[in-house]
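Heads up, the thing below is written out as C-alpha cells.
The chains carry the letters A, B, C and D, assigned in the order they are written, with residues numbered from 1 in each.
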Amino acid sequence: MKKDLCFGPKKLYGLKMADLSVDLGFLQLQNPVIAASGTFGYGLEFSPYLDPNNLGGFVVKGLYFYPREGNPPPRLGETPCGILNSIGLQGIGVKKFVREILPQIRKYQTPIIINVCGEEDQEYVSVVEFLNQHPGISAYELNISCPNVKKNGRCPALDPQDTFSIVRAVKKVSSLPLITKLSPNVTDIVEIALSAQQAGTDALSLVNTFLAMDVDPQTRKPTLANIYGGLSGPAIKPIALRMVHQVAQNVGIPVIGMGGIMSGEDALEYLIAGARAVEVGTANFVDPESTVKIINQMKKYCEQKGIPRIESVVGSLKI
Amino acid sequence: MKDSQAEIIHKQTWNEYILLEIYSPRISSQSQPGQFLMIRINPQLHPLLRRPFSIHSTKGSRIEIFFQNSGLGTSLLSRKKIHDQLDIIGPLGKGFFLDNSLREKEVVLIGGGRGIAPLFFLAQSLRTFPCGVKIFYGGKTHKDLPLKDRLEEKRFDLYCSTDDGSYGYKGYVSELFEATFPSLNPKAVFACGPEEMMKKISHLTQQQKIPAQFSLESMMGCGIGACWGCVKRIKKKGSEEWIKICEEGPVFRSEEIVWS
Amino acid sequence: MKKDLCFGPKKLYGLKMADLSVDLGFLQLQNPVIAASGTFGYGLEFSPYLDPNNLGGFVVKGLYFYPREGNPPPRLGETPCGILNSIGLQGIGVKKFVREILPQIRKYQTPIIINVCGEEDQEYVSVVEFLNQHPGISAYELNISCPNVKKNGRCPALDPQDTFSIVRAVKKVSSLPLITKLSPNVTDIVEIALSAQQAGTDALSLVNTFLAMDVDPQTRKPTLANIYGGLSGPAIKPIALRMVHQVAQNVGIPVIGMGGIMSGEDALEYLIAGARAVEVGTANFVDPESTVKIINQMKKYCEQKGIPRIESVVGSLKI
Amino acid sequence: MKDSQAEIIHKQTWNEYILLEIYSPRISSQSQPGQFLMIRINPQLHPLLRRPFSIHSTKGSRIEIFFQNSGLGTSLLSRKKIHDQLDIIGPLGKGFFLDNSLREKEVVLIGGGRGIAPLFFLAQSLRTFPCGVKIFYGGKTHKDLPLKDRLEEKRFDLYCSTDDGSYGYKGYVSELFEATFPSLNPKAVFACGPEEMMKKISHLTQQQKIPAQFSLESMMGCGIGACWGCVKRIKKKGSEEWIKICEEGPVFRSEEIVWS
C-alpha cells in the first residue's frame, strides 16, 4: 500500500511547474489522464464537478451504429475493491450522437475520443465511416473487448486473427488515428497487441474489464441479470499493470494503460510500467472529481521529485 | 455538486434504523422532496461505491437521512459518530412532481419499512403546499416503525400496519391502504417501499384512476447518469426503454413504470 | 456486498445438524473446506489456532523432488483486497518431507493432499513415484499453474497440449487420485479443463493465482524482487467464480473452487456455481482460524435455510 | 494464540508516533523481549493483511505497542480510540537471546526511529537481569525521538542523535555509537532500525569482536511461518538460505545475517 499522504501540502520553493504533457505521436495531450469509455457518459454528465478542459482527453461511451437497448438490470454489483457491470452498451447510436451530443461537447478544447463498437466487423466500419464526416473528434478507440455483448464474453480481442482483421478493416477507412482497446481475458496479451500493431493501429489501450460473476448466496441468484459481467476497479490493477508492462515492452506504438486507477500514484505506476497515458474509469463513480484530483496529484509528484517533464517517467521502471 | 466534509450533528438509533442530522447549508437549500444523495462511506477502497440515500428532511442549514442497516455500507455508516464528516454528492435526481391541482386537496403517502425515508420530507412540503396529508406506514413488526412517534408528534394522520400485527393493522400496508381507501378519496398517492408493495399500490390506484408516484430503488454506480447501471423499465411516448432512475427518477408516475 | 451479519446468533429450534459432507467420488470429505496449498504450510503451523481434524482436508505447500531456494525477497506485496506473492515454491523437497513432516501430519484423520510440482514433466512423475510408496496421503494435486517459477509466468496449464501430456504422464504412474490445478491466466479455461479431463484427471481445482505486478511510484521499483507474482485474495473472487462456473458446467468430474474465499458465504457462492468443495488460501493469513470459521458459517447457513445436506447446494445457481 | 477483542486502554500520540496500551493478560504473561504481534487493523477487506508490531513493553495485564504512522495500515491504527478493540495474534517469533554471561555486564541498545520499539521491553528486562544498559536513540530530527523523555524518566543512560543536529549528536546514531564506543566497552549490542544502520553496526561490532543481535523487518503475510514471504538471507551451518524471520527471528545474531 502506498499512501496518498505523500501528496500532502508541502511548500515548494523554487520549483517550476512540471510539464505534464505527453505525446502520443498522432495526438498531443496536455496531461496523461483520459476519462475512460462508459464511465464518463457522453462527456456532459461531469460538468457540475469538473471542467473537461482540464483533462488530457475523454472517451465517450461505446457507440454502435444503431441505438441499443442494453442488458436488463441488475446491471451492477459491488465486489471487494471492484465493481461488476453488464450494461451491455446501451446507447443512442451514432446518428443521434452526432445530432444531439457532438455539438455540445465539440466546444471543449480537450481531445474527444469515440469508443467505436459493432456487432460485426461491418458495423465498426460503418460507425467510423459515418463519424469521419463530422469534425470535432480527435481519435477512435476501437472497442473489440467488451465482455458484455456476446455469450460467455466472446469478443474479437480474444483472438489474434479476429483482432487483425477488424483493426485492418477499420484502419483502412478511418480518417482519424486509431487506438485499439484490448481485453485482459487472454493467455497472451502480447500476441494480441502485436496483431493489432501489425494491422496498423496507431496506439493500444488496455485493459477492458475482466469477465467475472458474483452470486448472492441468500437467493442463489447471480448478482447480474446477465450472469457474467465485467470486473473493474482497484481489484484488477495488479493484473492490468502487469499486462501493460508486458505490452509496452513488446510494441513500438504508444500504450494507454488503465484498470483500477484511483489516485495519482496509481496513474504513475502505469506510466512507470511503460504507458504513455492512462484512462480512469471506475474512479469516476466513486468520486466524480477523480480525474482532476489525479492530475493534480501527478503534478505534485513531479514537483516534489523535481521531475520537469512527466514523459521522462514513462517506462522508467527500475529493475 | 459535492460536500466533502459535511459534519454529522446529531444521531438517533432504533435497533437497525438510524437517523443522521448532517450540516450542509448548500444541500439543504437546494433539495426537493424525493431527491437523493450519494454518500461515500469511507475513504478506503472497500466498500468502493457510494451509497444512495433519500433526503429525509431539511431544517435550516441541516439535512437528515434515515436509513436501515442492511449490509456492509449501511453498517459502517451506522457506526459513524457525531462530528464525523461525510463526503456527499447531491441533491440528485428529480423529486416528486407537485401539481397545483393538489392544493387544498387530500393526498396519501405510503411508506414500507425504510421507504418512509423520502416521504417525511414530502409530507412536510405538502402540508405547507397546503394539502391534507395522510401517511400509511408499514413494517414487519412494531420495531420497524421507528418514525411512528415522530410522525405523530408532527400531527400527521397516521395509519400503521405490521405484518405480525404487533402494532396497528395486521397485514401489509398495501392491504391497510386498500381497506381504508373507500373512506379517503385521495387526489394523489405517493409511495416508497419494497417493489411488491409499490406494484400493488400501483394497480390499485390505476384501477381507481388516482394518480400515483413511486420512488424507485436500484443498484447505483454513480448517481449522476454516467454509468447506465440504475435502469428500470419505463414507458416513454408509448415505447418501453431502460431509463436511468438516478437522472430521470428516482420518482416516476404509476403509468410510466413497467413493473417486473 | 453480502453480509456475514446474516450469520449472527439465532436460536434454532428443532433443526437437525446439517450434513456438510461432500463426495468427490474418489474421496469423501466431512465438509467441503480444504486449506489451499502454499497458505497452510505443511499442516503443522496452524495447530495453535485450530484442529486440522475439523477441516475437509488440507493441501501441503508445493513439493518438488529436490529442495528449492525460492525467489529473493521482497516476495510479498499487498494490493487492494489482494496480495501478490512470488515465493517461488521454496521448499524442502520430497525426501525431507517424507522424513520430517509426513510422520507428524499422518496422524490427522483429515485427508492430506500433496501439491505436486516439477520443472519438467519428469520431475512431477518422480515426485509421484516417490510418494506412492509412502502411506498417509489421500490424493495428489498437480500444480501445473504456478506463475512464479518460469519467466513471464509460463506453466503447463496455459496450454491444452502441455496440460494433456503432463496429466497423462502423472496419471499413468499415480497410485492415488489426481486433482489437476488450473491457471486462470488463460483465454479459455474450459478448453484446458477438458484437456485435463481427457488425460484422466480425477478432479480439477481452480484457480491458482493471477499473474500480476505492483510498482512503488516513490522508488519506481516493482514491489516484488521477481517483478511479477501471483495475485490472490478477495480481489480475484469474481473472476475465479466465473471460471469455476464455466468449468463445472462443461466437465463431468468434480470441481474444487477457490479464489478469495474469506467467509462461509463466499464458499457457498462457489458451491452454488458448481464446485463440490472449496480451497481457502489467503484467508489463512488474515485469520488463521478462517477455515474453521468458514465451516461453521456454512453449517449455520444450512441450518437457517433448512438445508439438510450441503451437497444439494452444489450447482444450484438460479438462472 | 489469538486475542480477538483486546481493548485499547490508553493512547499517547506525538505527531506520527503512537503508543497504545492494550489489555491482554495472556500476551503480557507470555511475551519475551523481541517478540512481535500481528494485528488486524479492521474487519473490512482493505487493508487485508495483518501488520506486525514489536511488543514495546508489558505491564501487568497490559502490553504496549509503539509505532510510526507510515502508511495505510498504521494510519488507520493511529485513529483507533480508547475502548476500541483489536484482533491480535501473538506473541510470535523468537526474542532476543539473553545469555547468563551478560549478567552484571554493560550492554548497549541502539534504536533508529521506530526501531526503538522492541528495545524498551528489552531494556527493562536487562535491567532486572541485571545488566548495565546504555541506550542509543537516533532519529531524523528531534521530533523523531518521542520516547526520549520516557527513557530518561526510567533513568536509562541515554545517548541521542539526530541527522539534522536538532537534538543531541548531529549525525547518524551508528556514528554516535562509533564515536562513543571506545569509552563503553559493552559485552553485547542489541539493535533495531533501518537496514543501513544495522548493517553499519554489524560491521563495527564484528570488527570489535562484540556479539550483536539485530531485530529484522520484512514484509509479512502471516507471521506464523505459513507463507514463506518474510525471508532474509541467513547463514546456517556454513551455507546461506532464505530463512523465515517470523519463525526463526525476527532477532538474529550478527554473524548469521547476510546483509544485502
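Everything below uses one rule, namely that a residue touches a chain if its C-beta (ideal position, glycine included) is under 8 Å from a C-beta of that chain, and two chains touch if they have at least 3 such contacts.
Computed from a predicted structure; not experimentally measured.
The minimum number of touch steps linking subunit B to subunit D comes to 1.
When the interfaces A-D and C-D are ranked by C-beta pairs in contact, the top one is C-D. Greatest centre-to-centre distance from subunit B is found for D, with centres as Cα means.
Subunit C has its Cα centroid 46 Å from the Cα centroid of subunit B.
Once the centre of each chain is set as its mean CA position, subunit C and subunit D turn out to be 36 Å apart.
Separating the CA-averaged centres of subunit A and subunit C is a span of 34 Å. Among the residues of subunit C, those touching two or more other chains are numbered 1-2, 78, 80-82, 233-234. Residue numbers of subunit B whose C-beta contacts span two or more other chains: 45-47, 72. Judged by the touch criterion defined above, the protein chains are all mutually in contact, each touching every other.
Across the interface of their complex, subunit C is touched by residues 1-2, 6, 78-82, 84, 152, 158-159, 185-187, 210-222, 227-228, 231, 233-239, 241-242, 245-246, 260, 265, 268-269, 272-273, 301, 313, 316-319 of subunit A. Contacts from subunit D toward subunit A in the complex involve residues 45-47, 70-73, 75.
If you check the complex, the residues on subunit C that touch subunit D are 38-41, 45-46, 48-49, 61, 69-70, 72-78, 80-83, 85, 87, 90, 233-234, 262, 282, 284-289. Subunit D makes touch with subunit C in their complex at residues 1-2, 40, 45-50, 87, 89, 218-222, 224-232, 241-242. Partner subunit B is touched in their complex by these residues of subunit D: 44-47, 72, 76.
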